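The structure is given below, and queries will be raised subsequently.
Should a chain be cited, it is by its letter among A, B and C, assigned in written order, with residues numbered from 1 in that chain.
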């Protein structure tokens, strides 16, 4: 069984010790990091510290000098780092400014990874359309989810903020997306999530997609009330939800 | 100071902006009278044509749901079964509000094409509020879709599933409601009412508070 | 809540609200809306619809008055949106439709550096701020003896979101906190100017939304960047100030209570009891009926329950937690003052 001491990077060890308090999560994170190389752990530490210039430099080094596979860098360096960030955010050890800083570091790394993955022709896990609902201009949570989803291998179409039901529907049809992700940060715009789902019913495509919702004021009860398929509490959970929904889609298609 | 807002009971649905009539807001109110539940289509707008539009919506709602006028001259409606099918009613109300109603509407048939089944799905009234849903052509896809439609009606019309018959459901009032079934076949086809028993029971427990079960 | 030893003579809504904001005895708990209680049905009732009611003084006043004339609140608050002053600043405003809120396009920020911050010469004469001042004057003339007229001026943190964009503004707070403070200092002038103008127009009190919410930033952030500025506002804006911050804020209520502001308008993510325990009698609490789950989605019985919970925790002014959804049912809003009156009648109590 992997131990904390198997992790070479001191920053990562300290982060896990101080901030990952749930036993099952800690075991999972320790196991993940114990398998990764020191350079990947350094990248992850850079992500956790929000050090975008460092992550940029290390990612280039990993690709160009060490010839490490782009997918490995993404999974073992960038996403591994964001996993700890996500937990710290969930547990209120850090707040949105810090998360934005980490996301900026992630973007710096992904700027080198993305072109390689796009050129490689790897089949995406699924197609997701993401947007903040009509009347809502906030996109922090949505952007984090998009980054995580892309990092995990989904093809994501970002509709931005203030997205009308028609725009969601057009995007689903244009991109043949199977998952719709909606975000709202205001209590006053939450009803627009229900309106969007209703528009999907009107357009006779509700059965063709899975809808996941999230955002600070959104609750599981509200998601159930509006007949969404899933509700997510944070960006890291968003990836797991999307994977679960894709797997439901596949088994429904097989019938 | 005289209030202009009225005591109309409890608002159960709102169509917040009607583009067919100067963006007026049209609401559906509900109140209890004796043992019966009455509903009213209402707008606070005094714009030209607003009252006429409300009448058109009310008439269309009667055609599509089977609601009848209560003879009080104030436009209140009730189900002849004396039961109350709120979910089905509010759903139909919203659908009707979206229509241009200059020429009124007709009741929807108990038959509707289903692209996934590749044929029509048909609702048959078995009496005592029980309906059976079948595909016109027998196939596995058709059967699945008929069952999915049944589950959709269970959710949309708060019908009771019939044990042992995945394609049958019943209104708890024990009375036929062809109008409601016809109006909502379109919705039932598209509603992802996957019958997860815990979710349905849990959602009933959470979503309806004691005060909603008058 | 101050326990009076003798029955308090019947008060007007205005007297009641102002007394409660001063921490003095009242005849019954006031019902207060520091934020909008406009609904689409009320818009129809008085023929004053969004978006025009946010840009035309007569319509703004007419719609706002329904909070008193129809719903029975002790206040009238005509500044429905949080974007009025961002318009003269140069932000791109999306005015939307009757059943949707106007918003600032924060994805098209107008400022990036402190040097960009400029207070325009027409800050108080621009259509979207002047209509607020005129609406307050109209309401003061018509209802000023009966109810408290509450204005609204946005705090510098919220103005920062609007003008810099949320992400760049929050990143600035980490990357360069000194620059952040310079920006806040410059923007606070907008808060003060618009606030004072509303007092001169007749406002009895002002809501001051400054969205350093727990959903975005820590309590320490509030202390570090805003608390001292909020203390300054108490001196520089001569009327009772009602601070409004959405979301989970109990971790910063201690700092908020130190500001000297008259009241804090708090969200349902904080229970009445825990909030009262933190602030004690240093600042009046206003709230905190849940909007999306109670006022919008449920019925009068559930509204009553929440009103009672607040009263039983000694929250001194009762109201919705934030601007209500535009589709909120009227009967739920009417239930708030009804429930407050009946609670007091049941107890034969004065407060």
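One rule holds in what follows: contacts are C-beta pairs under 8 Å (C-beta built on N, C-alpha and C of every residue); 3 or more make two chains touch, one makes a residue touch a chain.
Note that the coordinates shown come from a computational prediction; the quantities given were computed from them, not determined experimentally.
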| item | value |
| --- | --- |
| Chain closest to the assembly centre - both centres taken as Cα means | C |
| Chain whose mean Cα position lies farthest from chain C | B |
| Distance between the centres, which are taken as Cα means, of chain B and chain A, whole angstrom | 39 |
| Where chain A and chain C are represented by their mean Cα positions, the distance between them in whole Å | 35 |
| Residue numbers of chain C (touch at least two other chains) | 326-327 |
| Residues of chain A engaged with two or more neighbouring chains | 221, 225 |
| Chain A - residues contacting chain B, complex | 198, 201, 204-207, 221, 224-225, 227, 229, 255 |
| For the chain B and chain C complex, residues of the former touching the latter | 1, 3-5, 7-11, 14, 16-17, 23-25, 27, 43-47, 209, 211-212 |
| Complex contact set, residues of chain C against chain B | 40-45, 47, 49, 69-70, 97-99, 298-302, 326-327, 329-331, 334 |
| In the complex with chain A, residue positions of chain B that touch it | 94, 116, 144, 187, 189-192, 199, 203, 206-207 |
| Of all residues in chain C, those that touch chain A in their complex | 94, 96, 100-101, 103-107, 166-167, 170-171, 173-175, 215-218, 221, 247, 291-293, 296-297, 322-327 |
